[in-house]
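Take a look at these structures.
In what follows, chain A forms one complex with chain B and a second complex with chain C.
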Partner chain A sequence: MRVNPPTITSSEAPALAPVRFETSPAAYKHWTFEVEGGIARLGMRVSENDGLREGYELKLNSYDLSVDIELADVVQRLRYEHPGVRVLVIESMVPRIFCAGANINMLGGSTHAFKVNFCKFTNETRLYLEAMSAECGIRTVASLNGTCAGGGYELAMACDEIILQDDGNTAVSLPEVPLLAVLPGTGGLTRLVDKRKVRRDLADVFSTVAEGIKGRRAEEWNLVDKVVPSSRFREYVTDRAAELGEGEGPRGRTPTADGVSIEPLAGEYTDEGVTHRHVALTFEGRVGTITVQAPKQGPPADAAAARANPNDLWFWRMARELDDVLLDLRFNRPEVGTLLVKTEGDASQVLAWDAFIAEHEGSDWFVHEMLCAYKRCCKRLDLTARSLFALIEPGSCFSGSLFELTLACDRSYMLDDPDHPIQIELSAMNRGPLPMSNGLTRLQTRFLGSPETLEAALAHEGPWDSRAAEEAGVVTISPDDIDWDDEVRIAIEERASLSPDALTGMEANLRFAGPETLETKIFGRLSAWQNWIFQRPNAVGEQGALTLYGRPERPVFNWSRT
Partner chain B sequence: MRVNPPTITSSEAPALAPVRFETSPAAYKHWTFEVEGGIARLGMRVSENDGLREGYELKLNSYDLSVDIELADVVQRLRYEHPGVRVLVIESMVPRIFCAGANINMLGGSTHAFKVNFCKFTNETRLYLEAMSAECGIRTVASLNGTCAGGGYELAMACDEIILQDDGNTAVSLPEVPLLAVLPGTGGLTRLVDKRKVRRDLADVFSTVAEGIKGRRAEEWNLVDKVVPSSRFREYVTDRAAELGEGEGPRGRTPTADGVSIEPLAGEYTDEGVTHRHVALTFEGRVGTITVQAPKQGPPADAAAARANPNDLWFWRMARELDDVLLDLRFNRPEVGTLLVKTEGDASQVLAWDAFIAEHEGSDWFVHEMLCAYKRCCKRLDLTARSLFALIEPGSCFSGSLFELTLACDRSYMLDDPDHPIQIELSAMNRGPLPMSNGLTRLQTRFLGSPETLEAALAHEGPWDSRAAEEAGVVTISPDDIDWDDEVRIAIEERASLSPDALTGMEANLRFAGPETLETKIFGRLSAWQNWIFQRPNAVGEQGALTLYGRPERPVFNWSRT
Partner chain C sequence: MGNVDLNARIPNNVALNEDRRLQRALEAWQPKYIDWWLEMGPEGFQADEVYLRTAVDVGRDGWAHFDHVKMPDYRWGIFLSPQDKERVVPCGDHFGDKAWQQVPGEYRNMLRRIIVTQGDTEPASVEQQRLLGRTAPSQYDMRNLFQVNVEEGRHLWAMVYLLHTFFGRDGREEAEDLLRRRSGDVDSPRILGTFNEPVEDWLSFFMFTTFTDRDGKFQLLALAESGFDPLSRTTRFMLTEEAHHMFVGETGVGRIIERAADLMNELGTDEPDKIRAAGGIDLPTIQRWLNRWYSSSVNLFGGEQSSNAATYFASGLKGRYKEDKYEDHVALEGIYSMPMPKNGGISDEEVPLRNAMNELLRDGYIGDCEFVIGRWNRTLEKAGRPERMFLPHRRFNREVGIYAAGDYDIEGNPISDAEWAAKVDGWLPGEADMDYVKSLMKPCLEHGKIASWIAPPKKGINGNPFEWEYVRYDGSSAGVALGATPSLTGD
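Moving on, here comes the complex of A and B:
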């Protein structure tokens, strides 16, 4: 292919050590975690000198990506390893400070692309807290016994309840606009008016007052759920957690349920790509290929059997591996702009797995967890700012849950070759349990303009061959074997020749038609504005507020309003 | 106040002649307009050398702001001056080209702020076409007998129907991404998947194929509504227009209804501000003040009396003047970042006018038009990227329709002085007929989190004084006379000291809580991504695609994906 080699031509892409996203409690540097009865307590105690990169200190419980990677890990482990837990309390282990938000020096020294991807990952992690509450019934409480600023308050807003200590000092704040000339972009502005539904003029005042709001006014404005005097604070939080934790969780999440340990994936990471057991990432120039293997064998006999050897289960492992590969791509392969998605193996095994998941996810918490892991992974694919083309070729197995991958793609190409027939087939996984951020399934979003086509596709029994798939509208095009090579090659070459920025903006607008949700607002509207501001001289120029933060000089603004 | 003087410190704000937005058919340079029976025909014939600025030629029916100012004017005049019209056909008077979109050399030579405000105005004008159809029942048909590219196709998509000539040559296209490395940002991507509901993978293909799609495929993909052979094209369009124009319009829009002529506002524009009869704009440093005067006398006796002397009617004139002032502010006063909104006069006259509008708008087309003019104006205020503070002082008249202005503001301050009592009062205008872009009223949006507060406010009879207004939540704060001066002064000074960019992003996120619509998606999501891309070196850098368009050099991209 005539696309450029992956040499680093970008001044924005300094050669940094790759970021790895797997971790485990034994390796945590920034969080304490303990479980007692149905209550888990997560303590933030950021280790100042253990950031991801050199050049900044994580003072005052400020965070960088390394802190968030651990947070994402602990949320996953809580879901799998502690099915008896009913409530998560997030608190600080540092006196008088809950969390000061994202580290400013880290942000100031980061490339634009890193800032954007860092914010996307932290946004996903905040949403995972909300998903855990919605999907597992694990309620989350932010216990604010110290100042909670910026990203710290954004973390608190991702919890179900916020309890604030009334000590005359502890405040919540979003000082990004007044101090840094950027936005509270990790969902902050959106959650303020769309989740907590703070009145817009009060939200306006709050978002411009650097010192924040404390005490009773914070409760009156609904910035927090409860303000409690210092003397009763710890007791109140404990009592409230116990109250929230009454009763059993859904799908067998009982106090006596045994957890499932998450073992390392042990993938191989090289300059040439990533190799996991079922998922691989390879490159040719600026074009990457993700290949997902079908299971070699069918699902376990029942849910109990699934839990007996969980880390070898195809469905769960595949979802975890794919998720890991997407993160590797986002952070470590900035120049790979076009991603081909392929599958290999026996589609009937995929469909057998789907039937197993569909049968047990309503009654068994662990099977439901596997489903949720794949749901998150598909959403991460939707939100990955790379052009996604599915190639449906002989030997592929794009049925059921793996068919969702083609639906997440910007386009799908299915070879029409009578000598090498290919089939795709829907399963229960395409009919509801894997919604996008907009709350619709990918098929619903695809056929927004044609409900009758959606109905026909859902009612179709058995597989489609290539021509039928194109006619049904479930793939973009099915070139014949004479046209295939040229058609696909030219499409990839053309895509790889276009401006990466224009494609990112275009895909962000075309992928999410239909209804809007908190999630789509955060990724589509708030993040887009933040990305804009992250480019503005008033923030990141030599005299910009983000650049000069912590230094004696005052920022100098260009006063022209846009 | 200690805010900077309005000297031009910005390298982005060259001293250009101010833009004026009033025009009239006799002055049109770019459009022909004729009415025959119930059918109006608007012909695009852009005059190449009559652009707003020097330095570019408006070839191939490409447009700049001057073309759009005329389009906005003709849409207004159609509503008022031709109440018998049932259908508007938009066509080209230039052979083989419908419209080539926004002029690239104009865009390439514009400041970032101008590009953003130009796109916002063109977006508003496209939405006015849709509003005309929804509100007046005037159906719109894009008659494409020549190539229709970029902004040209975005204009077509704002019409109810698109008819495409099938001559083997005429295509519709969105070449922004492949040719210019920017987005189809005048609603294009949003209307593609959210209005026309083109399948997302087909939309992806379409938006990356510079030459576009023609013939039957354009109809199959729903890019157009009908493809008609050249030999039958003119006849088909005429017949279809006649078909769409059958029957009478709403609220007395009959073939014999007399129109209402729009006369010039004849405002005074100086470096110190704008003076209209009822609305004035003044400045002190970077802080502007809009003052709206209440009517000096009550409404006419009935709708017929209103039409007898329309250009002196307070409600309509005030709406037109306020709209004009907002456009002046956006384009001609870039450094005015904070806008104080004040009113003066007799609130009972405002409420009398509101009662008149409420009584007749359901039955009389012209009274309904006055209401719609104010609805558009309030939306334009919502979408104005300036910080808006309402100051409710003695002598003000912020009741009913004028109370909407405070609700559009980011904050409202109401003096609480027993010696100079102030009252505000709701009217029917606050209860439904003036929705925001999100489809809710401003009161509904304000009280999203507290339906009972909304109910109480709507059920409240008679006026509120200052304390009661603050308690009811309908104003932000009511400082007493001792605190007022300092409170307001400090608030304004603080606001004027913050980064204009951060404020623009913050306000765009806080103002529009709740549901999303085509409008909010266009202004919140698509525009934000476009603004981001308008800053990216891949588009606007020395080697960017927008910069180099039409020159022999090929753009050079930084391939890093964000």
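Moving on, here comes the complex of A and C:
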């Protein structure tokens, strides 16, 4: 995870080693992972002195980003490497404590930008875990064999079922408001009322009692699904896991199915950027460019052939690389505020891959999993707080799944040059399998106010040229070759001059039109409030509760409400 | 239960007959308490008349009222030390404000937690000791056991009074849960670890009342400094009773040491086997019991560096032992130098004073325990013996706090797992020790008789001699009382 020397140039952050997001079970410090039959058991045993940074100890199974990076890796590997698994049980290997949540000293010592990105990443990981149930048929059980506070309970709520040990002491709690004067920022409040449908007044009481709720009342309030006496706890969890794991999983996830092992991407990280096989990230001042290469070859003959050499498959590898680049950008390049998205290569190969995915994703778990990886990656792009401009130029291949990238961008510029004609084209990938977090496709979201334009775009057969694309509304503007350079340069320079805070807020508001979902609420409402509270003196001022937590002084609040 | 009846049955100085809220709560709780007492209180002897002290008032005469009484008829009462109308919050950020007569809303949950945790230890110890009556070494000791038990019961009442009076429905539910949890029960254990360890023999009982009840004393001393006045007044009165429990423990162990010393002198040997052959308990065995219960009790003070402890102090909910001896009651500036485990060794680190409140209280406790050891050693000295008892280091055998993760020898030096495994039998009771002490636990229930392993006390209770009828057996339990082999449930 910590490979290269420090490269951070942010004025806000001290020179810290860059964060790397790839890891593997042999390198895990905080989790144990075992698979037996169709049941996987993930044991949390956070190593106190193996946090990402100096200056805090991860006591009582509290976590920092290093713990969550491993968790994300576990979930990913479970999905690919263990297709026979039907149930994941998450438990603690530390007596009397399940998880105490995000480490307070770590939060207290982090920059605002880091806190925001930490919360975003942990939220994305929990949603990835949560989606596993629907996408892979892998049910998840939180086995709370000890006290479960804050982010610990939020992790539990991301599971399908929560089983709580009833020993008179073990409680679930969200102590953030009463103890730290911040919010449970990893989906806690949203999942409480939106997912678990806990009555709002009971949720209000629960969220202000630092010590939490235990035993029967926790079950009565639906904070957990079942409370079980200590003497029968382990047995109950095992039985329940076996029960949930009966039958076979979807799309050939059978007990005998062979997994696909995830090999390292082996990207090159330098001060100038990141280079992967299909995706590269480069910088010029505060402007970054992501370039995605089209496949050089078509898709494999069938799903079985795909598995022969999985780590070289363009679709999967491109998604993983893009994902990695986005995380690198978020955590290690805070000052790169504008991101240009480009593609290069043969669009027909992209469309051939899309056809392959569309044909097999319904029947083959691995092909479906590749699709899920790209879906996740596109959502990650939607949620990246940088100005995103797609530049559709000669030699690009923004069709089908890659066209989705332009739709994720805040604006798209398509060159209109008769000497160098460019085309873009939809595929099945733009028609449903890659929804945004609001549950709609990017095209649906784009044309919310004009269903007939959406219908016409979907009905359009074959490619659009630049002018037709602008007319169809699928790109923002198609400047001609005389205007292009100035148009693009001015757009970028203007963008780079605006307040990064205001842009972040503006973009987040414009990107997610349409219905609210659990996800949009978590990233919109919950995160936005949390980010506001994280800036306020009542939390982080000299006398703020977060600042003083664990210190001898008590917080002093400014009592004015907004 | 009518008002008159209620007041007669529940001696109190809290105007119970005028307090409808408390009456309502107690009407529901009291029968459950009696059920709990009959189920989990002393096994057997419930129909016998025991010479017990009952608190009927807080005045000098009132709290030492003696009579023979059947335990289920014991009048558990509610007493607070007299109110000082001028009292102020003695410490923390609210230092100098008028002491609170009602629970401040912002501290309600914390206070409830403090009271529940303290309250939970009271019935727990009764449960831990419930089988001991059957194997009492004398009637005098049996009576002392029951005195301790009924007073722990009263301490439960004291905490329940606070829960009922100041914490509404939550308080009533917590009060019921105090009767629902069971010491050592895997499904519903008592809150603190030490209170789930069985007290199976009288040596353990005396160690428990010496060391574990002494933790109680120090917790009560810290709570007596609470800005929440009813808690302070309640705990102040409890302390007068707690003193007797520690007397029972300290003199109990002292008499076992005295007996061992006499046997060593009589036999002219200090060999444990020979002392055992003569029916005594040898000093190394006593020391191992001491090590076990002392180290277990040291855990009860919690983590060395604790943000909870800082918050309790800052909020004025819990003060320091003898807070009035300090000059600075805000304690924001101070530093406590604390030996911390680091890289396999120990090095001092500075901790803000408020975060070290648990350790400060532990310091007071350890000092107090040293005095006890000194008095036991005077017994040995007087008997002309060269042996001495000692306290293990505070790092020894810990399960809570910064020393829990590593192994430390009896002097507090870090040692390896292997060293610990090789030496632990010399430090803590082993199976053979347990079997031997257990073999001594035979009833000696006729008045005037005493077991072979303990010396009689210097004097009896309330001016009565040792050879006095402290327990009058009811016909139904006489068979058991007069020497038939008891069958211990749960044995």
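Following the convention adopted for this analysis, the second predicted complex is superposed on the first by the 551 of 562 C-alpha atoms of A that agree within 3 Å, B and C clash if a C-alpha of one lies under 4 Å from a C-alpha of the other, contacts with A are read in each partner's own complex, and residues count from 1 in each chain.
The rule is simple: a residue touches a chain if its C-beta (ideal position, glycine included) is under 8 Å from a C-beta of that chain, and two chains touch if they have at least 3 such contacts.
Keep in mind the model is a prediction, meaning the values are calculated, not measured.
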**Request:** Once the structures are superposed on A, label A:549 by its partner contacts, choosing first (chain B), second (chain C), both or neither.
**Result:** second
**Request:** Name the contact category of A:495: first (chain B only), second (chain C only), both, or neither.
**Result:** first
**Fill in**
Winner on chain A touched-residue count between chain B and chain C: chain B
**Request:** Go through the superposed model and pick first if A:541 touches only chain B, second if only chain C, both, or neither.
**Result:** neither
**Request:** Classify the contacts of A:288 with the two partner chains as first (chain B alone), second (chain C alone), both, or neither.
**Result:** neither
**Message:** Quick one: is A:259 in contact with chain B, with chain C, with both, or with neither? Answer first, second, both or neither.
**Reply:** neither
**Prompt:** Which residues of chain A are in contact with chain B in one complex and with chain C in the other?
**Reply:** 178
**Complex contact set, residues of chain B against chain A** = 4, 9-13, 111-113, 116-117, 176-178, 180-183, 189-190, 192-194, 196-205, 207-208, 222, 286, 334-337, 385-386, 409-412, 445-450, 473, 476, 494-495, 498-511, 513-516, 521, 524-526, 528-533, 535-536, 538-539, 545, 555, 557-562
**Asked** Tell me, which parts of chain C touch chain A in their complex?
**Response** 93, 109-110, 113, 177, 180-181, 186-191, 307, 310-311, 314-315, 331-332, 352-355
**Item:** chain C partner contacts - residues on chain A that touch it in the complex
**Value:** 166-169, 178, 209-211, 229-231, 549-554
